[in-house]
Every structure is written in C-alpha cells, then in structure tokens.
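Quick one: the structure is below, questions incoming.
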C-alpha cells in the first residue's frame, strides 16, 4: 500500500506519521521524504508491506498532521485513463501494447482522436475510438463533445499522446492536475509550434522531449520527466523529428509509469518525483 | 548534521528514530530510507537542519534501535584522505584542483606514488609527495613502507587514483572499507589488466569506468558509481583509453563526493547510495 | 541509392570509387569511410542522390577495386524479416507497431514462437504466427521445423526478439551474418543465463542491453548497438528486469534501423557502423 | 596530416579531391564528408597517413575545387590559446591540468582575468596571468587593454572559461570565429543571466551546458557541443549550479578537443562536427 502526503512543514512530521504506521504494525518497505525549504512544504511517500483499511488509516494520519494536509492512501488500484491523439502513432502504439499486456499500470478506457488516422490500430486492440473532429465547429463545441466522451469514462488521467490542439482554460480547469502532455522539445527550449524545425535552425547538438502536466500557460505546466538524445549536423529537420519520436515515446512511458505509481507530487508549478 | 544508521530491519524503526529527533527539536531537511528485504537490513540517512551534540544524540538513538545497530552521527567535518598513484595524471589532477579550491569535501594529506612522475604536480600544490618504489623490494616491504606513510596521516579514506599495483589482503584488511579504487572498465566486464585492449578486441560500442571499495577479490568490491561513454569502430585501443580517462575522472570525482557526504552505506558486497 | 563496399585497403580507393560515381553524374549526399589499420581493411558507405542501374554500377566499381571486394549496390528496397520469440512481448510489440505503420524499414513476413503466448498479438496485426514447440523433440527436429518456416519466407534477416533458446552451429551457419539477437546485458558482462540476477547480485549501478549478430560463440557475435540505464540499490532483480526491458526494446529497434539502412558492415568479429 | 575543405556543392568534388591525394600517394586514414542540401554546401575532412608540403597540396587541390573554396591543410601543429576568466575555477583548472600534461591539443599562452581570484593557480603552473579589471573604466578601455594582451600572444583561439562579461561587437569582430564560450545552460533554453536560477524556478529535470563560438548575438553563436545531467526536486538552485559546473567543464573540454583537432567547420550559424 502507498501513502502519499503533502502539507506545510513542521518539526515532528515524519515521527508522527511513522508512529501511526508503527502502531498499526505496518512495515515500511521504502520511504522518501522531501522538504522544500523555500516553500516550507513537506512531501512524503511511504510504501508499506501490508494493506489496511485506507479510510481508517487516513483518519489516524490526519490527527498527527496540519489541518490542510493532502493525504492519499492508495491500495494500489489500477488507474483509468483516456488517451487523446491526432495523427502520430508512436506514443499511442506504445501505450496500447503496454495496456494489452497489462504493464501500463492503468487501463485505457478509450481513445479520442480529432482525426481518424489511429482508429484502426485502436480497433485491433478492442479499444473504443471516438472521432471528435475539430472541423466545422468552434473550440467550445469541440471540447464539449470531447468532455462528454471523457466524462462518460470517468478517467483518473487524460493523456495527450501527441494531441496537436491547444486546449482552452475551461477544459484544463475541468481536469486540473489530471492532464498529462508530451511536448516534443526539451522545455523550456522551443516552446510552441515546430520545435524540431526550430532546433534544426538553431543547430543544436541535443534534442529532447518533456512530459508535463497541462496548465493554462502553453508548455509551462509542472515537468514530470525529460530526456534527450544527441543529434549531429547530418540530421535534417525530418531526421530530428524521427529521432525525437523515439524519446517522446520513452519519456511519456516513463512519466506515465511514475504518475500511475503515485510517485509524482505536484506543488505550484513543480513536481516532486520519488523514484 | 547527518545521521546514518544501518541495522536489522523491524517494524517501527523510522518512527523510533524520527521520534528521538522530534523530541530534540531537530528538523529533518531530507530523509532517505531503504530496506533490503532479502537481507532484512534497514538503512537510513537523515539530514538535519540543526547541529547538536553527536555523542548524546547517538546514545538516545541507541535506545530505540536493535543492539548491533551501526550509528554515525556526523557533524559534517571534512574528511582526510591519502591518494595513491602510479603515472597517470588525470584523476590526481582533478583531485588536486578540487582540493586546492576547497570543493573536494576532503583534505588531501599527501600523495604516495610508486613512480615519481606525479611528484612535480603535487609540489606545485604544496601537497607532500612520497615516492615509495616497488622496485628491488618484495610486496611486503613495499606495503609496509606505504602503510607507514599513510598511518602517519591517519586518513579517513585512501583513494587509489590509478594506482596500478594490486594490494595484498593484509594491506586491504588494515583499511577495511576505507580504500576507494577507480577501475577502468564497466565492471564486471573486463576484470583485470588492459580492459581497453579487451574492449577494443571485443568491439564494444560503450566503454565504462567503475569506482568501488577495495576488497580482497580483485575488482570485486562494492560498487559506488559507474558511468559509460559511447565509442565507435573508429576508436583504436589508444583512443578508447583516452576517452576512458575522461569518465574515469568523472566517476571517481562523483564517487568521492557521495562518500565524503556520507551518502554511501556498505553492506556485504553492495552499496546503498542515498543521493 | 546506397553503395556499400569493403575490401583490402590500398591508396586511391576513394578516388577510384568517387571517380566512377562522378563520371555517372551521381551526386554524393553523404560518404562515410573507415580504414582499419590493424586489419588493413577498407570500408565505405556512399549515399547517392540519384538511383541508377545497380548491376551496371557494380560492374563499373569492380574495375577500380581489388579482386575480392564486397560490393552492395542497394536501391533502398525494404528488407524482409522473420521474427523469433518465446514469451516476452516488449520487443515484438515494438516491431509489430513499427511494421504496421511502415516505419520499421523492413516487412515482417511471419513470427515463429516456441510458445503460443504471442500468437494473439500477431493475429491482431494479421501477421502469420507459427508455433514451433521445442517440447518432445530434439534440437535438430525443432530447428528443421523452424528452418522450413523461415525458408518459405526467404527473409533477409532473422530477428531473435527475446527468443530464449540457443541455436545450433548448423542453424547459425545456414544464416551466416543474418541473425540479429538482443541480449539482456551490457556484453561482455553477464554472458549467459539470468543476467539481471547476476547484475543484482553484483550490485551494479548501470544495466545494459546489447544487440549483436549471432555466431556460434554464445553472446560473442559482432556487436551492433549497446545502451545502458542507471539502477540503484532500490532495484530488486525483478525491477532490474523490468527496467532492462525498456532498453532491450530501444537497443533492438536502433540496431534494426541501422542494419536495415545498410549502415552496419561486419568484418571478423566487429562491426563498422556508419550512422 | 589533416585536410579540411568547404565550398559550394557540385558533382565530382570527392572524386576530384581524392584523385589529387591518390596521385600524391597519400593514404586516407579517415574521410568524413557532409553536404548541406539546403545551403548547397560541401564539407570534407580527410585524415592522411603521411605528411606533405601543405602549400603545394593546397595549390593542387584548388585546381579541382570551385573558386571560393576554403581549404585548410594543417600539418597538425599545436594551437595557441589565450584563456579569459572571471572568478570560477573549474574550467580553467581543467585546462591548466591538461595543458601542463600536454594533452590539451593547444598551448595556453596566458590567462586574462577581470578579477585576480585565479591568479595564484596560474602562477603555480607558470602561466602568465594578466589582471585586466573592468572597474573604473568603460567597456572600450577594458577591451582595448584585453586586446593588447591577447594580440601580443597571437593566439589561434580565445577561450572564455567562465568569463562573465559580455564582449562588444567590435571585440568579437576582431576575432571572428576564434572565440569559444561555455554557456551554463542547454541553449537555447535559459539564454542570458542566472540560467540555474531560471532552471530551478522552472522545475526542469535536466540541466545542460553549451560550448559555442561567440558572435554578436548573445548566446546565439554556432553550437560546438552540448551535454546534460539529470537533476531532481531535491536540487536547490545552488545544487544545480554545482552539478552544472561538472558538465560545463566536460563540455568545454570536449569542444576544445574537437576544435583543436580541426573537426569543427562553421558555416553561417551552425557547425559541422566530424568526430
């Protein structure tokens, strides 16, 4: 069982928390703790050997924590996700394969595409695919339709697996802290459109990918994971894009894994990642 | 202040330890804990905001820990080291520069070489250099002379910075857990002599370096840090050696940093590294 | 069009080759050349902007090259491959996805498994899956059956995507230089069985994967690509295996890409890789 | 001997160049060629086994090349450099050690500092240190004094080893293509001041360093080499700066090595690096 807590920092928090756990005879397999001294914020993730009643444990933990503490006691259930895509297959393909072999750490409920390019691959895996075209309707209508599909499946997270449209503040607010995006650059370099074109023109020697939670600032949400690969003068912009897809896939896979294992805590615009 | 503890695992250890710290009003900046379930062994490193009397704290901690617990309460003093070298300069040069600018996390007491090649560079930094030649004497006599030099300086650690002679079991036993070596391969590949020659002949695409504690099994001691760099068909064995020196320097520097910051705990033939 | 040549080294080879190309008005997009001074062996890969008749060009090139030169003039056709598997899905899944979206650089003709675990995923992609069980028959009979299936499809390469049985010298000799394997360690560390178990017990800080051509020496064939990822004390052997699968997938994908693009030249037990 | 050429692309360039070399009985050890199709620009680096008269070879090569071709025939002499610093020691220390042991590939003529912090370390290596303070004078006067010192030593390159002042267009123009800077971020992320502070506030998971030629656009010159290291939530801005120094040192060392070996060709705002 996993316990994740964040709250205002004060002396004695770890003692209080682990005291409760010891009294319950719960053995700690691993414990990771972090204090952000600037924000005076305390973060902890405890992996317990045994399971117990989550609500009772949460109540007991509350008694040793500050009033506004955020406590998640999670008996390691599988998350539910909805995936949004446009035309590129590499991230979705990876997710579908892991989902099919039950190593994703989540269950894909459905895929929503604004093009039908990836419909067939979803069908091959018996995953519902909803085409929600953005054409001939305004953003509001488009997002309303997408939200309807999403909410029907009540996902824990929405994964933007190369979904190439910018979502409105209203949409993002509706799913605060639950939308994960893969951006095809080493943020904050090359914010916005055509990062590989930008990277090619700048003549960089490394290209990157960034998985992050989506907020209302474009490409500015809390970063979950980043990775790079070397490129050379012999890479055209198209070669960079092709090479980049490999790390986009890898970075998104990594980010999903650590999020689904409750290893990522968000505070303001940053993440604490207990790997 | 840093507190490092290892002992047999049991329920309530973290609660007990952090309870003591809370009672002393010592605030935890960071806490890293690990339980080796196979060995049933508990490891913890706590970074405290305040300093306190180390012996008193150790006594209080003992009361909540199993009898054989190993406790180090370390008010972050600078370690003292002796460096042993042969002819290659790259690791020693890096250590001397960091030592000179006081960012090594340790004080170099002296350098012992079995050749005089690196005498001049030590003199330029006002570091005593002792030539202890291995020629025309047996290993016992050689090591006796080296030990005399070392023990005069009472170092916390002995760093083999490309020291190219194998030390006897007696020598190693005298400094158990205190000798750090840099091996010029990605152990356990290419144990023993001429690893770059071996790597070249095998046609590998990566070469590595390994920093480890020295035990009586050649190149078999607990690994502290490892790193690799890519090589290609265009690397000759000499090119690999040249490229390898860069990571040897980097890996040894990294290993020394984490050891000197009390982040490396050893149990049997493995390390727990709380970075 | 790609031209790949290897032969004994001598003065004037590049001049001779590029002279022929210039006379044919073929523009060089990129040229990579390597001379192995120890073996006195010359390797070259030329990427030409235009296509031309391959046989005529080969004949003209022969006139400026030593008698035993190996010349491949390849108008960039897609390779055909057969994939052999056991039970693990990660490499096969990646190959099937790329194959489906036509970015593998080869066409998967069929998959041969000695278990039926991966039959269903192949069917979902309309790829023929042949179950060739190794049970209740000797190696000779097993391999005869596999060879029959393979030869029916006349593949350019046979990809062992976590195929967990050792092939006989006879089988390997039949497909000399055409069998590609992914080994789950950073060779030559941890040759043979259970490399993650070995890595765990050694307490390494990096684990690796190696793609190589198969020869009759176990895990000793020419290395095509290698990669590593960091691990820590908190990784169990099972965690290492899980983390390892990610790089096994990535390294095999990389190796296949460069082999299928005719970037890998083999001589004796090494590869020259013109990336 | 190394021959480096860049010119407008056309059919037959490699044939022409290697024809000249073959006629001179010069054996090619390695040849790297690149054509930038967008710029229609041809780049080549040839490593020859033998030496010959550079001027005669250059003349013969001119006859097979377009009129404006840039030809460098370099009998591998050691470059001369001047290093400019402010207060940080890590890059300079690395350069001085390599220079002392004659593995830098260049000779340090002198060090110019706008503070005297690094004077002593230079003296220990018998390298002239000139204090050119920027205080109580305008940029023009400061740079005039620096230029006088530099020009006295006629360096091939000026290395800004954490020199923390922005140089004027006039200064840069005077040494076009000969000033190498190490920037403490993964450009183009975090251009300008305090990149580690910016990186910390953005919550990135990787930090980088970039070595580049200096032009009049701040941090916009042709990139020579880049590298990154992972960071976590537990890194303060100060920790990031400390970790960053390690890669700044490594990236600058790498960049200097490849520049001094004539592996870096510059065209417009990009480099071609023949490693």
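Labels A, B, C and D are assigned to the chains in the order they are written; within every chain, residues are numbered from 1.
Operating definition for what follows: a residue touches a chain if its C-beta (ideal position, glycine included) is under 8 Å from a C-beta of that chain, and two chains touch if they have at least 3 such contacts.
All of these numbers come straight from a predicted model, not from anything done at the bench.
Participant: A-B versus A-D: which interface comes out with more C-beta contact pairs?
Facilitator: Most contacts of the two pairs: A-D.
Participant: How many angstrom between the C-alpha centroids of subunit B and subunit A?
Facilitator: About 37 Å separates the centre of subunit A from that of subunit B.
Participant: Could you please state the distance in Å, as a whole number, between where the Cα atoms of subunit A are centred and where those of subunit D are centred?
Facilitator: Subunit A and subunit D have C-alpha centres separated by 40 Å.
Participant: Could you list the positions in subunit C whose residues touch two or more of the other chains?
Facilitator: Answer for subunit C, listing residues that touch two or more other chains: 30, 34, 37, 234.
Participant: Graph of touching chains, which shape: line, ring, star, complete, other?
Facilitator: Basically all the chains touch each other, so complete.
Participant: In the complex of these two chains, what residues of subunit C are touching subunit B?
Facilitator: Residues 34, 36-37, 186-190, 202-206, 208, 222-228, 232-234, 236, 269-273.
Participant: For the complex, give me every residue of subunit C touching subunit D.
Facilitator: Residues of subunit C touching subunit D: 9, 11-16, 18-19, 21-22, 25-35, 37.
Participant: Spell out the part of subunit A that touches subunit C in their complex, as residue ranges.
Facilitator: 30, 89-90, 93-94, 96-97, 100-101, 121, 124-125, 234, 246, 250, 253
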